[in-house]
Amino acid sequence: MMIKVGILGASGYTANELVRILLGHKEVEIAWLGSQSQIDKPYHHSYQNFFQILPLSCIDASELESLCKHIDVLFCATPHNFCATILTPKVLESTKVIDLSADFRLRDIETFAAHYHTTHANPTLLAQSVYGLCELNRAQIKPARLVANPGCYPTCSILSLAPLLANNLIDLDSIIIDAKSGTSGAGRKAALDSLFCEVNESFKAYSITSHRHTPEIEQALSEIAKEPITLSFTPHLVPMNRGILATSYARLRDPKVDSTALRHIYKDFYKGEYFVRVLDHGLSAQTRWVKGSNFIDIAPYVDTRTNRIIITASIDNLIKGASGQAVQNMNIMCGFRESSGLEAAPMFP
Amino acid sequence: MMIKVGILGASGYTANELVRILLGHKEVEIAWLGSQSQIDKPYHHSYQNFFQILPLSCIDASELESLCKHIDVLFCATPHNFCATILTPKVLESTKVIDLSADFRLRDIETFAAHYHTTHANPTLLAQSVYGLCELNRAQIKPARLVANPGCYPTCSILSLAPLLANNLIDLDSIIIDAKSGTSGAGRKAALDSLFCEVNESFKAYSITSHRHTPEIEQALSEIAKEPITLSFTPHLVPMNRGILATSYARLRDPKVDSTALRHIYKDFYKGEYFVRVLDHGLSAQTRWVKGSNFIDIAPYVDTRTNRIIITASIDNLIKGASGQAVQNMNIMCGFRESSGLEAAPMFP
Amino acid sequence: MMIKVGILGASGYTANELVRILLGHKEVEIAWLGSQSQIDKPYHHSYQNFFQILPLSCIDASELESLCKHIDVLFCATPHNFCATILTPKVLESTKVIDLSADFRLRDIETFAAHYHTTHANPTLLAQSVYGLCELNRAQIKPARLVANPGCYPTCSILSLAPLLANNLIDLDSIIIDAKSGTSGAGRKAALDSLFCEVNESFKAYSITSHRHTPEIEQALSEIAKEPITLSFTPHLVPMNRGILATSYARLRDPKVDSTALRHIYKDFYKGEYFVRVLDHGLSAQTRWVKGSNFIDIAPYVDTRTNRIIITASIDNLIKGASGQAVQNMNIMCGFRESSGLEAAPMFP
Amino acid sequence: MMIKVGILGASGYTANELVRILLGHKEVEIAWLGSQSQIDKPYHHSYQNFFQILPLSCIDASELESLCKHIDVLFCATPHNFCATILTPKVLESTKVIDLSADFRLRDIETFAAHYHTTHANPTLLAQSVYGLCELNRAQIKPARLVANPGCYPTCSILSLAPLLANNLIDLDSIIIDAKSGTSGAGRKAALDSLFCEVNESFKAYSITSHRHTPEIEQALSEIAKEPITLSFTPHLVPMNRGILATSYARLRDPKVDSTALRHIYKDFYKGEYFVRVLDHGLSAQTRWVKGSNFIDIAPYVDTRTNRIIITASIDNLIKGASGQAVQNMNIMCGFRESSGLEAAPMFP
């Protein structure tokens, strides 16, 4: 039996990638694509990759409750505070919702307001939502009606560091995450800073000390550590389309832990997790090896000279960092095999 | 029932892509990977994308006849004149062979010798081989034991121009193909000219007037036209990983044919061909819209001002231009659905 | 003695490049930078490369006549039909003008209207202007008050083909120019199609059969041939910042001309031209070898098999194709050494 | 009066860049180019950018003493332990030497041996050499006969952190440098890992915990701090040609120092240093803004939330990180204006 899904915010990169993944998912049919800017236009006018593959036109999805009667899962790939505004109890009664925006990620609405510069539109729903980092929250995701799909940087960062905190291995005030992302993370917006000539052949940090994903990472890691964590998170822009690499640093509590021991701790922590690949000795995380897939590669090392742990981890930001994880969440919520539609091996080069 | 396949030349880009595609093919199991340079090394040492996905090590495949007893299809992704040298009647008795090298593409061994600077190692087998351009030669491919998988440029060029010749629309001495390829076409060889800094931020033509794919294109188009064709083919190198765009020019015989009529002729010629997308008016072929897929996009236009036909066509050189078409050939030869394992929609960005 | 110059349209890529070149020109001082969108903002807010190098803020240049009293040369790097609108006889009395837009390139205002979709604002001035392709029009440029700086594609295309027409070597109806440009040619406009993720890892043709530079190329070549020429010009977009490569095809009239003879004809035609490098046998034009310089590299070959001439030529589109040639024109008009400020060797990689 | 220079190791990227810079230096003439692999070949066969610009062929420089009689300055752009092997007292009598390799950077030959896996060939000369980080060591460089040109990462890292240590602002055991470099840093060697398709569209860390530039950075910073410093240095590879961005972290000793105060400390420390641009509030270091120039841009911030200092700094690795600084050293040693030949503004895009 197939389920039907609707997608809001169809004109963006994450929706485009979600569509691509779902077209290969044997148990899912895309019922409709909502886009305010593309109403009645064939989807291949936005994304010519789907020419003759997906003969849908975008629709006006403002009558959401009525549209949701006919679908099992709603994906929101919309700007922040949009999903929180339009979701109603009626929608959630008829439909499971996976929100790829930031609306339901942060528990604390004041933190939300401080970072997204707007008042949260729906604190009631927020209280019912579940943070959809599949490997860490599977049990809560399974019965959830509303899942907040994690941010791209948080997915990579949290999975990089979770085993350290779960095993009490590091000084909590010593965490530094130096993250680098491909440009698709900036979305499909006609912004000067995202022009080819501005990004190509350059490298920069941005949102130094103030990126919105910082509180999301701190919230998840604090929950694992059962203590509040404050950390440094610095994102950078890489002249490539896809991929995130996060390089994380922390001070080791127990100097007897070496790289081999650390790798075993990681392999143990992620035992049975298909999408987490803890790399063997000598290998390092590189974005090319996960591109086009839902994998996260993690390479944990101890630097005995400085008594620091150095972790590199890589994901495809549009897949494990967005649409792939959304499908993984759907699979968990709908009782499908968790890797359904996500079996594709990474594509290189 | 699944078939088993072996792959020779596993360390190259085309083998890597073939492996990726075959891992998603429900009816195929990869039995072994042969590589002279990587004997006994895990395949993920060559291609870390397959870490924990494909736990095979490369083997020494010099005992080919014995190795081929256990497989149904052999793919050769080897340098030219290697496959022609090692293939034996016994191999072909037990196994269907799809050769991704140039060994069995050219009917004329003198042309082969002139362009590949070596004497053809096996003219007898050459006589039994079939040129595997699926859309044009399906009937001969079906019963074949030995299929020559077409070159990347020829696939894109021949499919671009075939309808013109089949319909006698152009002056035969007027064909110019100006083709552009991503850098994966150069293979995984440690050559100075293929270094990142030599290719990136540059654009060049190469093998001007003398590229090896010229006779292959001429041979196929001459067969369709039933007259010998001599044409200009100029390849260029694009600073990107994947993709070929061919821009073809020819003088129109009948000035009454306009772009709309021409498009209809193309749509008609490729009717029912799933992998050929003749683009609607206003659209143009772009490599990004076929990347990661087995599609070829073709946009035919008439320039009434100059009385020329201008065709742009795009493929993913590693898929429709190599490993995807090899799988398509396998599907035809083995009686599978022709699109098995090749259903992936193009991946953008 | 130094001259003073003003620049209109300072926020664009060509103005930015002009500023960079002029900062290295010993005989020029930049008096002011006009930009409607950046009035009173430090220029390094637009182009941080000039931080602490050029402490100018942009000005409102609407009082142009008064502003031009204090300068010797005015560069207009403005959108089309802007320069034609604002220029007055008074401005031209006090100031020499080099227009980098399309306003004064086409002799025929109907052709202008057809391609730029607007009525030419100043046919009177058009009649007094000179087409500033330095190597071909030096004598007229020298005394000119108003010079139309050629388009990027036309510079590369016209210099590629001029020797053929001057020597009556080809069939006039056989010219095809297949041109490829880096993305800076699209300008600094926040357009969806110019986003990094839309351009990167892709290759496309655009404006097929209808690009605005076609009549400019035809006009210049027709003048040399002393016969009207109609040709095919197809531009393509390359995922790189800078550079144009034009591959040109034409049918040879005299089959006795071979590549060596052709190269001599080119070397002869461009004898003494410092910025034109006719490449030796075996070399081909590549954009990397001219990047950052005012050179054009030209590699002419005869394909005896098809009786065609194949020329590749490369320029840096922002230098010889725009701001460098503008400075070259200024040097000619002001009596400076023609290479003043343009001596920089190409920068690789 | 012009000086004459010789260059060893002419076939590499740093030599190529050195040649480009020196061609624009009014007081320098390139006397000869030594290259073992290119003996008697025109230099434009290696670097076609110099076609018709530099009509030199490479020479066999094994008779170094005799060759050095005719030059004032010798640049060694050779692999490590080459310069240390060939230099003789006689060479140093007649010629000033600037070594761009690692041979004379590390004071301690055991550290050298540990990181370069070879015994230092000339400890005597090492004792006479000066570390050529111009802004910090100008006085010693001026009279030196043998200058060790700093590594690319060290130049960027040391200048990023020097003011902090000189002002005793941070905990010495808290320094983490997360550095990112364009691919030209890997040199012009036909290595698989440097192929376009391996680097493009990917991002990775390398030499985690063990990069050779670590002891060079520690040595320089320890000298400033007057205490031994151990730090974490992690280099990453960026899919672009040129540029280094270093993101440095350290724990602030005095929480009363805010970003404004910090910036003043930096501006003060680098007062009068033309090539160091301490960026204004709100600006961040980006490699595109220094490309093609000898500048280093530094943006120091305090993160009050974590009590950390975060510095981003960018250079062109081939210029300030190699050949530009070599020319700056030459200018200091020869009494030229320090910016001679290095005045070019950064080239964007």
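The first chain written gets the first letter, and so on, giving A, B, C and D; residue counts start at 1 in each chain.
Note that a contact is a pair of C-beta atoms (placed from the backbone, for glycine too) under 8 Å apart; a residue touches a chain by one contact, two chains touch by 3 or more.
Just so we're clear, the structure is a prediction, and the values are computed from it rather than from any experiment.
Visitor: Please report how far chain B has to rotate so that its Cα atoms sit on those of chain C, a copy of the same sequence, as a value between 0 and 180° in steps of 5.
Guide: Rotating chain B by 180 degrees superposes it on chain C.
Visitor: So which has more C-beta pairs touching, B-D or C-D?
Guide: Spelling it out, more C-beta pairs touch across C-D than across the other pair.
Visitor: Taking CA centroids for every chain, report which one is farthest away from chain B.
Guide: Between chain B and every other chain, the largest centroid distance is to D.
Visitor: What whole-number Å value describes the gap between the mean CA coordinates of chain A and chain D?
Guide: 39
Visitor: Roughly how far is chain C from chain D, centre to centre by C-alpha average, rounded to an integer in Å?
Guide: 36
Visitor: If you average the CA atoms of chain B and of chain D, how far apart do the two points sit, in angstrom?
Guide: 46
Visitor: Please output the residue numbers of chain D that touch at least 2 other chains, ranges allowed.
Guide: Residues 13, 184, 197-198, 200-201, 239-242, 286, 288, 291, 349 of chain D each touch two or more of the other chains.
Visitor: Write out the stretch or stretches of chain D touching chain A in their complex.
Guide: That would be residues 173, 176, 178, 180, 182, 197-198, 200-206, 208-209, 230-232, 234, 236, 238-243, 245, 247, 249, 284-288, 291, 299, 301, 303, 305-306, 308, 310, 312, 314, 349 of chain D.
Visitor: Name, in rising order, each residue of chain B that touches chain D in their complex.
Guide: Per the stated touch rule, the residues are 13, 183-184, 188, 190-192, 194-201, 239-241.
Visitor: Spell out the residues on chain A that touch chain B in their complex, using ranges where they run on.
Guide: Against chain B, chain A makes touches at 13, 16, 19-20, 23-24, 47-54, 184, 201, 241-242, 277, 279-280, 283, 286, 288-293, 297, 343-349.
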